[in-house]
Amino acid sequence: MRPQTRWLTLSACGAVLLCGGAVRVVAQEAHVDRLTGRAAAGKPLYTRYCAGCHGDEGDSRGENTQWIDPKPRDFTLATFKCRSTPSGTLPTDQDLYNSVTRGFVTTNMPPWVALTPHNRIDLVAYIKTFSARWSTAKPGTPIAIPPEPAPTVQGILHGRELFQRLECWKCHGAAGHGDGPSAKTLTDNKDDPIRPYDFQTGTRFMCGTTNQDLYRIFMTGLDGSPMPSFADQLQPAQAWDLVHFLRTLQPLKTPEATIWRAWFTTHGRELKPIGQEGGGQ
Amino acid sequence: MVKRFLKAAAPLATLVCAAMTPDRGSMPAKSYTAAYAALTSRIPAFARKYGLRCSACHTAWPELSAFGQRFKDNGYQLGNDRDSPIWQNNAYWPIAMRTTPQYRVENTTNQVTVASPGGKTITQAGFDLSGVDFLLLGTLYKDITFGLVPTLDADGTTGLEAAFVRFDNLGNSPWANLKVGKFELDNLLSEKRFTWLSSNGGFLYAYHYLPVGSANNFGFGDNQIGAEFSGHSINSYTRYSVALLTGDDGEPGLPGGKSVDAMFTASRAFAIGSGLGPQRVGVFGYLGHRPTVFDSSGGAPIPGTGSANKSFVRFGATAQLWVGNLEIIPLVSHASDDAALGPGADKPAWNTALLEAHYVATPRLLVQGRYEVMRMSKQGDPAIPSTQGNADAFALGVRAYPFMFSRDGMALHAEFAMTKTIGTAPLSGDGSGVDPATPTTVVWSRSLLLAFDFAF
Amino acid sequence: MIARVVAGLVVVSVAGATAGPSHLPPPAGTISGKVTYTGTPPKMRPIDMAKEPACVTDHPTPVMTQDVVTGSANSVRYVVVYISGGDQGAPAATDTVRYDQKGCLYIPHVAVMQVHQPLEIFNDDPHSHNIHPLARVNPEWNKSQPKGAPPIRTAWDQPEFIPVKCNVHPWMHGYFAVLATSHFSMTDSTGEFSITGLPPGTYTVTAWHERFGTKSQEVTVAGSETKTANFVLTARPY
């Protein structure tokens, strides 16, 4: 009656508490569109393109890692920044494929768009062999993104209020310059320093370029980084308002920026500043 | 290295190339030697800058992979907003060097010498050196690229193989890039990023052949001076370039006068199959002019006074096809020169076809072979035997890279190459370097090369 | 097993000794003892909360760091003592473990729980926190919890000592000690612990401290006796 054996098993797990599970499933597959990636095919490609930074064992201990900042992803942790899935869940194959294709701006990870789609999906399959989580857990369910409403001044103002209330400014700064009071002390999940996105550079985001990508970034969070998920805090309409406001922080000719700047020239003085003493609006 | 060895045959080469170089007299050229075939761009400085292994940009260095092609097309930028030098560590210096200590054996039949006017076989063997190429390439600023390739030949001669500035992504579009200076033509099958090094294997007849007695000096494989406007899709699968070039085959100092050549290339790659790269097909064309009359002073032609320009054309098609780790590169081309460029009263024309295969067993092992045929379709003079100038070239090689990381590269290189030419000296310049006794004499030239090819 | 359903009991683990859940049926032994250190421990330092004025107000005298909290006679607080070998007791408790973010501190500094046991994380502060458990075996996640947001309800599937941090307030640092066993205790300010409700048997008892590592010893419990097991951890300075 006593489930002793089961507990013994669990206690064995306890004994290797911090070992990330070294089981390699080389039969791993990945699927995007009609392509099937196979880990066995991805392995030589990984050696060719990836291992210099991510390491032969996927543990981010390649020969270049010491020279790189921010550090390359440690695949043995199965924690990924750019996901369509909720914080704490595994990304979809498409998410990983998109990351490989897109690369990461302001890092050493280049866009691998010149590789054939087949090569890229094979790489994704191989990346999934570095953590046992890929065989014990399923990817999360992608968050739903309702259609984007047209940007309005009211929406942008509301988004600005959220930027204040959710304290985005503590890291990203009152003007989105990536210079909030907490920006300098940010570290990632390996205790390496990391910088928040600076909206004023106008570069693409870590996980894409579109408004949908921006929506997804703060709703799913960038796991492993200090950027948390706001999915529990925002309704879709609020999230779109925040997206529209964030766009006004970039020095780009976006529809949001056009609406906002037109309004701001006449009403700018009515706004309370964002920040510690600010009230948002 | 071919270049270096050709310098050994320099007195002769100088003579045969002289026609377009007014201060060297006006003796008509015959086979233009393949001077600038071998060395250039495999660039550890980029690997150090970006922390990528050689194998990221090169299927087997120095040959570019699709990723490397995109990097080059993008102005040596990865596109992460960290390409400008202001983001680099101060200690970073955009310089790489390459050289190739080697042992080689050259064997050439039917060589005319003073002692054997009827021809004899000459065998040359020993340890040798290639020259050194210094590869300085990078970005001056975001979307402003520079390139500088000084060369130092083993005999001490210096040169400037490339020197250019390139403005990338004009109007934020990858379809518009402007390069000005001396640079390699946008050849899909690049001789500068060739995996062949021997004197008979390290060049293509398609890129250098000229009819016996021609006064032309053009070679596709030679870096040219001019301006190139080029563009590509985001992944560089679609590419094009057009260039205007000073008409003297890359010789500085405006000796060619005001004549301008034009070059066009276009290629498209398709992501078909699961091979190491996409399937690419492309076409290229070149319309050139060479002056046939120079004003002179004291018997020497005056640079810039050339007139009576006569045209020549080159065009062809090529491909890079992947089946797994096997790359197949076919190339066909057609060439014809104006009759006034020699050697006779007719327009000479010729065709080449080649098939090159690379088996990239791993990022650290390459097995390769090539077969090329060159056939005269029409001689410039009815008196010339129809087969004179025909060539067959065959090469087989292995390159092994004992290590592969992002700081530098080394390859153990073994190559055997063999050419058969009729009535003309092989383009390698091996042997005595002069044409055989009769226009129908067959010359076999063979190269065996064992080399340590390294780049830092 | 039924004993586990000591229904509705909410273990509010306020900083101090956490009583391990116990089996009802006798005989039930107890292992208790004291955890001390040898060597020189790092000093606790005052936390500078200047970045969050509300939290400065909350603490008229500066709070000290809590990763190494020592008491008299070299006692060590926040040491999790648990059965790593032997009877593992009951499966997941259904009572909820509460973890608070209050005054820019995690309360308790170390929250001990079983796998699958419900965990509720509260933000009692008038500003945002992000709660970022740096799990390795379990999935790592990172969620924002603004002022007034409802508690985050979660649980962990695998045994693991999970560091927890708030990226906005870099001094905020705590632990989730997720255990396979239901037999556990945590040392109080005097370094004392007590694991109760142990059936007769031989146990491997392990003491874990976030900076001083782990030590284990074997203890045999026969009947309803109380055995003493003291641990001496080696202090490692920073």
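Each chain carries a letter (A, B and C) given by its place in the written order, and its residues are counted from 1.
Methods note: contacts are C-beta pairs under 8 Å (C-beta built on N, C-alpha and C of every residue); 3 or more make two chains touch, one makes a residue touch a chain.
Keep in mind the model is a prediction, meaning the values are calculated, not measured.
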| field | Central chain of the complex, centres being mean CA coordinates | value | A
| request: Based on C-beta pairs in contact, work out which chain pair has the most and send it over. | output: A-C
| query | chain A to chain B: how many Å between their CA centres? | reply | 45
| remark: CA centroids of chain A and chain C: separation to the nearest Å works out as 30
| Gap in Å, rounded to a whole number, between the CA centres of chain C and chain B | 70
| query | Which residues of chain B touch chain A in the complex? | reply | 50-53, 55-56, 65-67, 69-71, 78-82, 234-237, 271, 273-278, 362-363, 405-406
| said: For a test of understanding, state which residues of chain A touch chain B in their complex under the given definition. | reply: 41, 44-45, 47-49, 51-53, 63-64, 67-68, 103-119, 122, 201, 203
| For chain A, which residues count as touching chain C in their complex? | 1-4, 7-8, 10-11, 13-15, 17-21, 77-79, 87-90, 133, 137, 165-167, 170-171, 181-182, 185-187, 189, 221-233, 276
| query | Tell me, which parts of chain C touch chain A in their complex? | reply | 1, 51, 53, 84-85, 87-89, 91, 115, 127-128, 130-132, 134, 136-137, 139-147, 149-150, 152, 158-161, 167-170, 179-181
